[in-house]
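The same subunit A turns up in both complexes below, where it pairs with subunit B and then with subunit C.
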Partner chain A sequence: MRRLLHALGLLAVFLFAVFPFYWMVSSSFKTQNDILASPPVWLFQPTLDNYRQVFADEKVTRAVLSSLIVAVCSTGLSLILATPAAYALARFEFRGKADLWFWFISNRFISPIVLALPIYIIARNLGLLDTHLVLILIYVTFILPIVVWIVTDFFRSIPRELEEAARLEGASQFAIFWRIYLPLGMPGIAVSAIFGFIFSWNELLYALVLTRRDVQTAPVVATSFMSGYEIPWGKIMATGTVIVLPVTVFALLVSRHMVRGLTMGATK
Partner chain B sequence: MSYLRLQGVEKRFGSVEVIKGVDIEAEKGEFVVFVGPSGCGKSTLLRMVAGLEAVSAGSVFIDGVDVTYLEPAKRQVSMVFQSYALFPHMSVRDNIAFGLKMNKVPKPEIDRQVAEAARILQMEALLDRRPRELSGGQRQRVAIGRAIVRHPKLFLFDEPLSNLDAELRTQMRAEIARLHTSLGVTMVYVTHDQVEAMTLADRIVVLRAGRIEQIGAPQELYDKPANTFVAGFIGSPKMNFVKVSATGEGLTHPSFIAPVRVSGAPPSGDVLLGLRPEHLLFEDGPVRIGLTADIVENLGGATLIYGQTASGETLSLQTPGRRVLKKGEPFTAGFDPRKAYLFTPEGQAI
Partner chain C sequence: MTRPSTGLAYGRWTPFWFLAPAVLALALIGLYPTLFALATSFRQYNLTRTRDGFPFVGFDNYVTVLTDPTFWQTLGRTGLFFLCVMPVEVALGLAAALLLHQTGLGMLRALARVSLVIPLATTYAVVGLLGRLIFNRDFGVANAGAAALGFGPIDWLGSPTGAFTAIAAMDVWQWTPFCALIFLSGLSMVPVEIEEAARLETGSKWALLSHVQSPYLWPGLTAMLILRSADVLKLFDSVFTMTRGGPGAATELISIYIQRVGFRVFDMGVASAQALLLLVLTIVLARLYIRFFYREID
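Let's turn to the complex of A and B:
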């Protein structure tokens, strides 16, 4: 009985989490009539019309490409900058270290909307509006602290003796970082990369404020369909599915690193 | 000049003095063991030789070179850590080759060296495994392999056997001894286990609270301990200490009088008599002490008996063979005064 209730509870949570996702994906294969039917139709003749429209719409493909460029670059740049910082924070003693560490996360205290206007003005004065670069730079300021926080923690959990052994063996500081800390910190780096990528991919506010026509990202384009007399639900859902797909694939690819206990067997 | 020399070495962590002026010399090819209770600073001392810990004062010389301020990598030392410190993401082969790779040794030479080390340590079959797929003893062997391929001037061992079970520990201890003879290298070995110290060392350095209590060959420390600390630390089971007074008749105690002439006893006449459990004889010996049995431990080949004197002191004696005694049963323990140790009440050997 207890197990049955347990299973029912789990099922409820599962449905609650997955149903919107299911609705989006299934609607993307429906005609407008099927989508708007009341009561909803569960069995329908699937159609690829929505996808044909989406891929025929140059705006969408361009937006997906823009999103990809921005997300990959901002995540990559954050990792390049944050992992050495995390190594320093995890293993070196220097003045102001605790403050610096706190400063990284305190950047996230402020509500993004508060900074939207100042950043818009700065970007306009620098001539960066409607470029990939401005979004990449802004997203780095969001992603970098998260990477620093997660990865610093991971690096701290790597036994110090490994570094000492490597030092005795003649490894340079950089070699220790590159050959010991990076591979062993992979689970943490992967987790923070997923966070960073998903954040960039889904971010709407700054993308809306800082871009116009040339580099609209996928979420911006998806919302832009919600205007006019008739809302093309099928196309929006298909666009949504196309947007979600890369992140899902990416998460599946790196999940191997997240669950693997790489440090096992290092020390006793 | 000696091969390894520590001169007035001190270490402070903030205001805490961990090593208080230590002088040690070791010859080439010697096996030196630092031994002492936990917190005595023996590991810190080893890490200062390795260069992993900065020296607060004094100097360290290896092979005539002052290495006090030299990078660990430039000291040409190898270290085996208590936790082995193997790189978990690398195969055994890559673990062993790591140092050679870092020092830009050509690939064919690395392969040759790794094969050689694997042969010496009999782990050719393990080269492609990861550390987590190995047993404790095998990991230990990989750590030693990583140390020997670089042909260091000095091998450092930081309690390498303390993570192994008793049987494996004995086996690896013999293996390290064998390695020392076959390679003929200088080794410095840290342990808190006096049996390891006694069996492996050419010379033992006994440390307590950051100071050297005594340096000497194992037998020398056993025969002529400088003080009660060394006397109690070296030898198992621990030495018994009994308060006696030096009088005209010899050493007197409420339970016995030992005809020993003491020169150098303090004016008060108070003397500590040290008796090793293995030197106390069951119902035998020239000087007898009346005891009542307390705990009797049968060790198989020998019996360890704890007995109490009339004045309430506990003495332990180890006697060959099986002895059956009931708690409270009286018996006598005898000793040869020539095998007794004498100390001042402050613990210094007389």
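Let's turn to the complex of A and C:
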């Protein structure tokens, strides 16, 4: 009896988490008529029409490509900038360390709208609106702190003896970072890269206000279908599935680190 | 940290070189724009009327913001939103965590735990689009559920209360797993021997929770409350795609309002003043968070 209740509870948790996702995916295989049916139909003849439309629509494919370029570049740039900083925070003592730490972490809290206003004006003045570059740069402001946090934590767990042995053999500080910390910290770097990718792939506000036509990202394009007289629900849900599926796979890969990543390590 | 300080093994400027790239980058793309916004907030800066230039107006924009009833209403609405979703997310999250912590049913437990990652990873904009489908008045699955419970069709997105409930429901879906996973990691920190001993003493789950497990749950709860309040101040994507702040202003949360003033009215001066006031709130939250969780860094 107890076991049954437990099982039912777990089933409820599973259904709660999965249902909207299931509804999106199943709607993406429905015809417009099936989607508009009231009450909703649960069993239907699946169709691939929506996906055919999505992949034939140049707007979508270009947007997915843009999203990919922006996510990969902003994550890569953040890794290059942040891993040395993470090493310094993990292993060096210096004045102002706490303040620096506070500054890095507080970027996690800042609302995108705060930066979106000035960045819009600056990008407009520099002629950078509607370019990949402006999105890549702005995404670095929130990916870099995530990388710093996660990687610092991983670097701290690398035994100091390795570093001291290398120093006795005359290795430079940079060589120690490059040959010992980077390879050994690779799991942490990979986890932070996945987090960075997910955040930048999912972002809408900056992409919405800083791009017009040429470099619209996938979430912006999906949102843009939601207008006009007849809303193409099936196509929107298929686009949504195409956007969400890759990040879901990534998120499942780092699910063990999900909580630490989202709380910036406050809970293990 | 435990190393005897017999002098440093690295040069005095070494930390500087390792930190410089990240610090410079963040200063250029994070700090400089913030200062730019500060400067903008003291100017009349309307992008639709650039011919007059951008004259310095002192604290005028701040006066405008602080005497603007809509600003306070949106801030109040954002607070109300937090007060509506947070208790639900904490309660459901705790229930889910306790179910996931209980031993037995390994496969189902693993499946339920993994499934919690899905809402957390779902693109916020897509959550909003999905909300439009689920809460559609004519063919949405939410009304199918309501009908099964004997309610007539509810115009979720067309009525103020309905729309507010709908955005709250989508938020609960997306963020309950966050609370559940944090509580679960807290529960798993309880030493097994202590938990076993307590189980022999009492059959009451409530006693176990309130006396044995709760000390391990408080830090997680604190983290949740601070992070989620910062998130609600940031909340834009899913609500914007779902309701655009409407109907009327029923779901216009603070970030959506500032976006409207900045990018629909193009009054960058006022919007910047609003954004900076929001930033002050955010910094308070960040300070609190650091005070609670990063003591070892100081």
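FYI, the second predicted complex is superposed on the first by the 244 of 268 C-alpha atoms of A that agree within 3 Å, B and C clash if a C-alpha of one lies under 4 Å from a C-alpha of the other, contacts with A are read in each partner's own complex, and residues count from 1 in each chain.
Note that a contact is a pair of C-beta atoms (placed from the backbone, for glycine too) under 8 Å apart; a residue touches a chain by one contact, two chains touch by 3 or more.
Here the structure is a predicted model, which means the values were calculated and not measured.
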| item | value |
| --- | --- |
| Which superposed partner A:S106 touches (first subunit B, second subunit C, both, neither) | second |
| Contacts of A:R167 with subunit B and subunit C, given as first, second, both or neither | both |
| First (subunit B), second (subunit C), both or neither touched by A:L133 | neither |
| A:L48 touches, of subunit B and subunit C: first, second, both or neither? | neither |
| Partner chain(s) touched by A:P159 [first = subunit B, second = subunit C, both, neither] | first |
| Touching partner for A:L10 - first (subunit B), second (subunit C), both, neither | second |
| Subunit B versus subunit C as contact partner of A:A175, first or second or both or neither | first |
| Subunit B versus subunit C, judged by how many residues of subunit A each one touches | C |
| Subunit B versus subunit C as contact partner of A:L65, first or second or both or neither | neither |
| Which of subunit B and subunit C A:L184 touches, first, second, both or neither | first |
| Overlap of subunit C and subunit B interfaces on subunit A (superposed complexes) | 164, 167, 262-268 |
| Of all residues in subunit A, those that touch subunit B in their complex | 159, 161-162, 164-172, 175, 179-180, 183-184, 262-268 |
| Of subunit C, residues touching subunit A in the complex | 3, 8-11, 14-19, 21-23, 25-26, 29-30, 33-34, 36-37, 40, 45, 47, 92, 95-96, 99-100, 102, 104-105, 108-109, 111-112, 114-130, 132-134, 138-141, 143-144, 147, 170, 173, 176-178, 180-182, 185-186, 189, 219-220, 223, 227, 230, 233-234, 236-237, 240-241, 254-255, 258-259, 262-263, 268, 271-272, 275-276, 278-279, 282-283, 285-287, 289-290, 292-294, 297-298 |
| Residue ranges of subunit B touching subunit A (in the complex, touch as defined) | 50-52, 71-73, 77-79, 81-89, 98-99, 102-103, 130-134, 136, 139, 146, 150, 163 |
| Residue numbers on subunit A that touch subunit C, as the complex places them | 3, 6-7, 9-11, 13-14, 16-18, 20-21, 23-24, 27, 35-40, 80-82, 84-85, 87-89, 92-94, 97-98, 100-122, 137-138, 140-141, 144, 148, 160, 164, 167, 173, 177, 198, 201-205, 208-209, 219-220, 222-223, 226, 233, 236-237, 240, 243-244, 247-248, 250-252, 255, 258-259, 262-268 |
